[in-house]
Structures are given as structure tokens and as C-alpha cells.
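Heads up, there are several structures right after this.
There are two complexes below, and they share chain A, which is joined by chain B in the first and by chain C in the second.
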Partner chain A sequence: MSLLKPFSKLPGLNTANILLVESEEQFQQSLADVLVEETSVTVNVRLAKSLPLPMENDESRPRIDLVVFIINLTSELSLQSAEASLKYLDPGYFLGKVCFMVTNARNASAPAERLDAVRKLAASLHCPLLFAENQTPDGVASATERLLTILKVAAGLVPIATGLYVSNLTRCTLPLDIDQPSFD
Partner chain B sequence: MDNTVKRLLERLVRRIPSRMLKTTLDKWSRLTATQRQSIDYTESKWALTEKLLAICEENELTVKHIAELEMIHVIENPNLGMWHAFQLMDPQGDAHSVELTQFKEQFKSHLSELIRHVSIKIKKHTDEAVWIRIAWGDTFSRPNHLKPTYVVHYLQTPYVFLSSLTSKQKPLLSQALVLSTRYQAIKDANLSGRKLTAIRDLLMKQYLQVFPTKFPSPLAERNRVVSNLHIEKEQAGSAANRHQMACEAFGDGLLPQLQSAVYKLETKFRDHTNKTMTERDEPFRCVVKFASTNLLESLRHSASSGTQKVLKTVIRITIIVFCKEVSYVTITWYVTKSCRILTASLQVSTRGHQSPGRNSHIVMLLH
Partner chain C sequence: MADGRAAAQLSEAAQSELLDICEEQFAQLEKLQNEIILCEPDFCENPQEQSVKRLIATEAELKQWSTVEPQLLAENSEILLEAGKEEMHKLCSELEMVASCFEAKRDKLKETKELILQDIKEKIQKMKVYQERLMESLAYILEKHVPLPQEDSSTNKKKKNVPHEIHENLISLNEILEILMNKALNTPHDPYVAIDDTFWPPYVEMLLRYGIAVRHHENNFKLRLETFF
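Coming up: the complex of A and B.
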């Protein structure tokens, strides 16, 4: 099947490759523009709308160190597309090489159930859940910084730390009262 | 000085932004050079108003002159205020050869016949548009210059754009327009919005039109977007396809900024489980209203982003169904792959009915 495998290719020298998966294809472009400005490491960004990735690119695609699913909380379609794409990842990725990034969490039109659903998803997969603000350049810059921290570990560029080790610390945990109705 | 002149001038100075005041006054050319130089545009609006009032008194300017100034300002900024488009129907023999002086005379005489006190100003703009400013009075009162109606007509086309017209004034104006342009009727073109340029472009088809081509793939040179070498799109092929399809339907140029479109619809209900609705004699009447900051751009974007369902956050679509039995309506919209047909699946449920039934599809062709 067309699963994306984490260790089937050789890594590049001082290189980190990140795959941004977003059904709306908006935020990923601005993130990518800031990510490639990183100087200490060569960052290659691959952008996709959903998985599976087209087979034609299999040869030219480098080893993907981190897969980031960008979910827009105001759109149900975004969440569904991300969930459907999860099937096309080799289980090896879930040991510290997958991350969820959520935008528009403070938007009034985003229902609370959707955020809970994303939290449960991230917690069940032992992945970190990041919240990002995508409208201002400052928001994009801070989201990029956080992604870079996780990316460098996942790419093996930080001595002693591995993705699996760090994911024990960064993975999403569910608050104990997540299934209880909220006040509003 | 007359009170109306004062009020009109005050209101006008308030409305015109300070940076445009100088150019507008220069265009007006009712002030002498010394007077123009004596105005300090960095003063507050209140001080400017006082200065201008003094100058106008000096020059003995009347309401008509101030109305001229207002007209200049509106012509320069057509994208303020709410415009409604109308279309003239059934041209008579010489409708296509009506020229400016004839139109002006006819319009003024017809409208003055219909209503005793009315003040009309007609001006021809450089781009073939005739601008008319009408201040309405009635048999007992002078024309009210504080609530003028603006009309834009393109000679030898059947299109007219109106702004600020009350329902009482509408039949009078329609009559005058129809008679002076040598058509037989006028109807609402159902296009309205704040941007006159957008409505005009749409109605008169002055946007980048799309023609069917035999080899639709775009030129590779044109699409070479030099982006960073380190960023690569995985699904660039299918993204390009979708973009191409959206461009085939909407064109890839700047689209007129349509903000509201209303469709009136009569349809029949078709659901075997719901006898009360199918056995109605009268057709189901609906009004569908699209509203967005830029309707066509939103549709083009939703087509190129591949979502089959139109993004509801971008376009507000309201359907009002005229039927007393209907208590609950859900609407789902689909744009077909060719972007030409917008389909709505309307689910309507009647009182006492728990499960919504299915209506016949409302299909709208996008041009």
C-alpha cells in the first residue's frame, strides 16, 4: 500500500525534512516560508493537502522526519481530512514523528466538541498537540519556532534526545473532566 | 446665507476626506485662485467648513453649485453608497441611436412634467457614463438636496444604476428614464452592492471573459512561480488541475466584486414519504440570497481548493421559503467539478414530521 515509511531512506547531512498536511492549504504556505529561513539546519518542507502522497514523487522525496497535521477548528472538513490521512502513515511515525497543530481555537464558531475530539485523537496517538495563531506574522513565527524544536529532535539533530523520548514529555494528555459537559 | 446651503456644505465637507478635499475643490473650479490658496487644508473640518462658507458667500454660490461639488465627489468615489442595477427592456426603433443632448433634454422635460419641483443635474463622465443627480421636491416644497438620487446610465446600452431611491420616487424616475431612452419598460436586474464598478463590470460583461479553448493546459512559462527550492508541493499536479478548472469557469483575472445576488425560484417538492408537501397545488416559492465580500472570488476559491461543499463561512446563503407548512430547512450546497452548476439540496421538514424530506434540487447556472 502507499504507506509513508519513516526509516526506509537515508537521512541527509544536517538536514531536516518536514511534511505539512493541511486540507485548506493556507497556513502551510506561510509556515513553510518561515521554516526555510532557519540557518543552523537545512529545512526542506513538503506541502500536501492530504495523504496518501502521489506515487510519482516517491523517488524524489527525501526521508520525512516529521509529519504535521494542521487542523482548522472552524471547519469540520479539516478534521475529517486529517483523520482520513492518518491511515496512510506507517505506525513507525507515531513514535515521536507526528505532531498535530490546531488553528482558530479561540474562534467563537469553533465548537468545543471538535477541540475535544482533536485532543482525544492526539492523546490516543501519543502525539503533541500545538495551538497556533495563523493571522499575524508573530503567530506564524512562534508556531515555526515550536515546530523547529520538535523537528530537530525528530530528525536526530539534537544529541541524546530522540523523538520517542521527547514525545513522552510533549504528548497530549486529556484533562480528567473532558467528557463532562462544559458550562456554556 | 441659505440654511440648506449651509447644511449641504457642512455635510459635504464632513464626508470628503481631508486629503481629497483639495483635488475636489480644484475640479469644482468655482473658487478663484486666491481663494483656493487661502484655504489651509490641515485645519480641522469645522474650521474648513467655516472658511468655505465664507468663500461661498463671497462668490454668492447657491445650492445648485454645492450640488455640483457633491456630484464631483460622488463621481470620483462611486464605490460608496448602495447601488441597484436596472435593465431597460424592449427597445423601440431609435433606442440605439439616442445621443447625449437628446437624452438630456428628454429626461429633464419628462421628469419635470411628472413632478413639479425637481432639480436635475446631468453630467457626462469620460467613460461614456451619464451621471444624473436628482433632488426631489413635490408640489408644495422645494427640492430636498440633502437626499439626492444618483443615476448612472450608459448611453446606447440598456443598463441603469440607481442609488438612494425611495419607492415613491421609483415609478416617476422609471417613467422618465423609459421615455427618454426610447425603451418600453424597465426591470430590476437583481444586482446590488456598494461597488458600482463591480456591478457595472458584471452586468456589462467588462471582466476578463473565458473562452473555450481546444488545448486548455496553461503555458508553462506563465506559471513558473519561483518559490523557495526547499519548499515543494506534493500534490502540485492535482492542485494545478483544480486551479485550471476554476479558471475555466471564472477566468484567472480580477473578478468584479459582487457582493449580493438574489435568485427567485419556483420549484416543486418531491418526496414520496411526505404526502402533505407533494400534494400542494401551488409551487414552492423560494428566494435565495448570496452575500459575501466578494462572491465570485469565493466561488472560484472554493472550486480551486477542491471542496465540493461551498465554504459557508465565506458566503452567506439564505433561503427563504414561502410556505406555511415548512418549519425546518437545511441547505447543503455543492459545486460540481466543472464549477458551472451550483446545486442545493434542500431538506425541508414540515410540522409534525421528524425526518426531513428531500426536495428537488435547486440548480443554478453560474452564468
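Coming up: the complex of A and C.
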């Protein structure tokens, strides 16, 4: 099974690599355009429809610092594709190098159960859950900013803060955490 | 990992020291990387069962942080100076942001305070006007139906058979009520008014009978306004 591994390659200098996984391949494009405009750090954006990533690029691909799953709440396929892709990530990624981003949360055609399912998923994996508005440039810009904050930490570019540390603080929680596994 | 710095401002000695530090760090990184790769990979467990691994990893990190000691970035004072300056700039701009944020908040709060004060002032004004009108109506009604008792004609609608020994400066019912009201509002700790000859006894009786006023429990010549319905 070709797992994507978090630490199998050396990091680049002052570089952060982000992988955007979206089955609809729309929002990831506009996000990518804004992400690369960041000046203080060299941001490399890789786009994918789903995991696993093609083997041919394995050698040339840099080490991925953050994997973002973009889920469109109006499409069941989007959620299923993301869930299926999770299996192809090395478990080491879930210690602060994975993030979920959800779009169309306010859309009337998005059933509430789907959002609940995404929340449960993010909470069980202890990953942050971001809500983004993908129709306006402002929405894209603010989503980018938030991603960059998490990305910089995951890439080790922020002193003192590590991905694990921050993800413990920003993880998604459910209103009633009865189902959460406890640390007993 | 030392970040890339504008080397143009540093002397050669400082530059070479920085490069040496960078090389050292990179060598360290490569060593660690090799160790990681050689480590036995985890068996592919269900990604949902992360809690234990997370706990172990967090504890390891915590241990690492608690053992680390602060050390100088470099021995060269030039490098330290440049690094310090940059940190100060960053800190200043961040603090400015925080300051402007709080100023905006403060201004907004002031505004809402102003609005609320305005509101309350208007309400008080309205109440004052209302009270004026009530008092006017009261005066009008009393004047019409309960005027001052005259010496000769018995205009008292209650038709009490009282001997007409009225030569004093009797005050009207309106005035009696006003005195009682003012005393009750101005000195709530002592709302009692002493009755004297200017109070026409039938009026006093009327007020007592309808529960508008009550006597002082010890002194029958003192009267106060009562809450009545």
C-alpha cells in the first residue's frame, strides 16, 4: 500500500509544501493561486483529486508538510472521496499535519447530518476543521490566510510551535464529546 | 534552523559564522532524518485509533521542551544585533496591531454608551411630561369637584353637617395631596405630615376613609400618604 509518509524526505529551506485534496478540483485551484503569493515563505502547492498519489511522481515530490481535505457539503461524493483517501496517509500525518476544510456550510441543500459526519470525522482524528467561503475573493483570501497559519507551523517555520502542539489546541471537538476515545 | 538573512549588512566574519552554524544544523537534520527512515514503520492501524499515539508523541515533545535550555543563536555580536533588531520590528508591528484593535473596540463601546445615555434621557423626558399632564388633570378634577369649602354655601358634595367655623386659611384638597406626596417623595424615611388647622377635617376624614392616607400609629395628628389602589 503506497502510503504518503510525513518524514521520509528532507525539508527544503524556508519552504512549506501543502497538498490540497478535493474531489471536485475547483476550490483548490483558487486557493493555490493565492497561496503562492505568500512572500515570507516559499509555498509549494500540490493539487490532487484523491489519494493515493501517482507513484510516478514519488521521487520528484517534496516532503508534504500539510494535507488539506476540501469537502463540499452539498455533495455526498466529496465526503466519501475524502474518507476513502484517508487510508492512504501514513498515521504520522494525523499528528498535526492534516486539516479539513469545508465549503458551502450555509447552503440550504447541505443536509445537517453531513456536517455532523464531517465534524465527527475531524474530531475522531483530532484535526482542525475550517469553514471556508469559496465564491468571493475575500472568502478565498481569508481561507488562505488561515491555511497559511497552520501550514507554517506544520512545516516547522514557527519557533516554539510544532504541528502536534498546535493541533492539540485547534482540534475539532463535538458539542457533547461522549463518543470520544479517552486517554485512559 | 537559522533563517536566511540579508547577508549584505554583515561583515565577512559574521557571514562565515552564520554559514558554519547553518551547515552544522543541516548535518544534524540529515542525521535525524536517517534515523527516522531507518525506524520501523508503524503497522497500518485504523486512523481512528490515534489517541494513544498522540499521547505518547505529546509526552515525548513535552519532555524534549522541558530539557532544552536557552542558548545564544550565535557567538558573534553582529549576528545577534541583526537578529534582535528584526525581532523588535516584528514585535512592534504586532503590538501596533493589537493596540489599534483595542482602540477600535473602545471607540465602539463609547458609541454604544452614548446611544444608551441618549435613550435614557429621552425616556426620562417623556416620563416628566407624562407626570406633568397627570398632575394637571388631577388639579383640574379636584378644582371642579372638590373646591375649597366656602363659608356660606355648602358646596361640599359629601354634605357633611359640619358647623361652619371656617375662617382659617384652609388649603384645598389638591394642596393637601401635594403636601403629602412631596413629603413622601422627598423624605421617604419620614413621610409623616403634621396636621394643623389649615387641613379641613372632613377632607382628612375622607382621605383616611378611602385609604389614601393613614395616621401615625402613635400620634393622631400626623398623617402620611399610603399606597392605595
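The definition used in the following text is that the second predicted complex is superposed on the first by the 176 of 184 C-alpha atoms of A that agree within 3 Å, B and C clash if a C-alpha of one lies under 4 Å from a C-alpha of the other, contacts with A are read in each partner's own complex, and residues count from 1 in each chain.
By definition in this document, a residue touches a chain if its C-beta (ideal position, glycine included) is under 8 Å from a C-beta of that chain, and two chains touch if they have at least 3 such contacts.
Here the structure is a predicted model, which means the values were calculated and not measured.
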* So, does A:Y165 touch the first partner chain B, the second partner chain C, both, or neither? -> second
* Asked: Touch check for A:P91: first (chain B), second (chain C), both, or neither?
  -> second
* So, does A:S8 touch the first partner chain B, the second partner chain C, both, or neither? -> second
* To do: Using the superposition on chain A described above, determine whether A:N57 touches chain B (first), chain C (second), both, or neither.
  => first
* Answer with first, second, both or neither: which of chain B and chain C does A:T42 touch in the superposed model? => first
* Asked: Which of the two partners, first being chain B and second being chain C, lies in contact with A:T74: first, second, both, or neither?
  -> first
* Would you check which partner chain A:S109 touches, where first means chain B only, second means chain C only, and both and neither mean what they say? => first
* To do: Return first, second, both or neither, reflecting whether A:S124 touches chain B, chain C, both chains, or no partner chain.
  => second
* Asked: chain B touches which residues of chain A in the complex?
  -> 19, 24-25, 32-33, 36, 42-50, 53-54, 56-57, 61, 74-75, 77, 109
* Asked: For chain B, which residues count as touching chain A in their complex?
  -> 228, 230-235, 237-239, 305-307, 309, 311, 313
* Spell out the residues on chain A that touch chain C in their complex, using ranges where they run on. => 1, 3, 5, 7-11, 13-14, 86-87, 89-92, 94-95, 124-126, 156, 162, 164-165, 168, 181-183
* Under the touch definition given earlier, write down the residues of chain C that touch chain A in their complex. => 1, 3-4, 29-30, 33, 36-37, 41-42, 44-45, 47-55, 57-58, 61
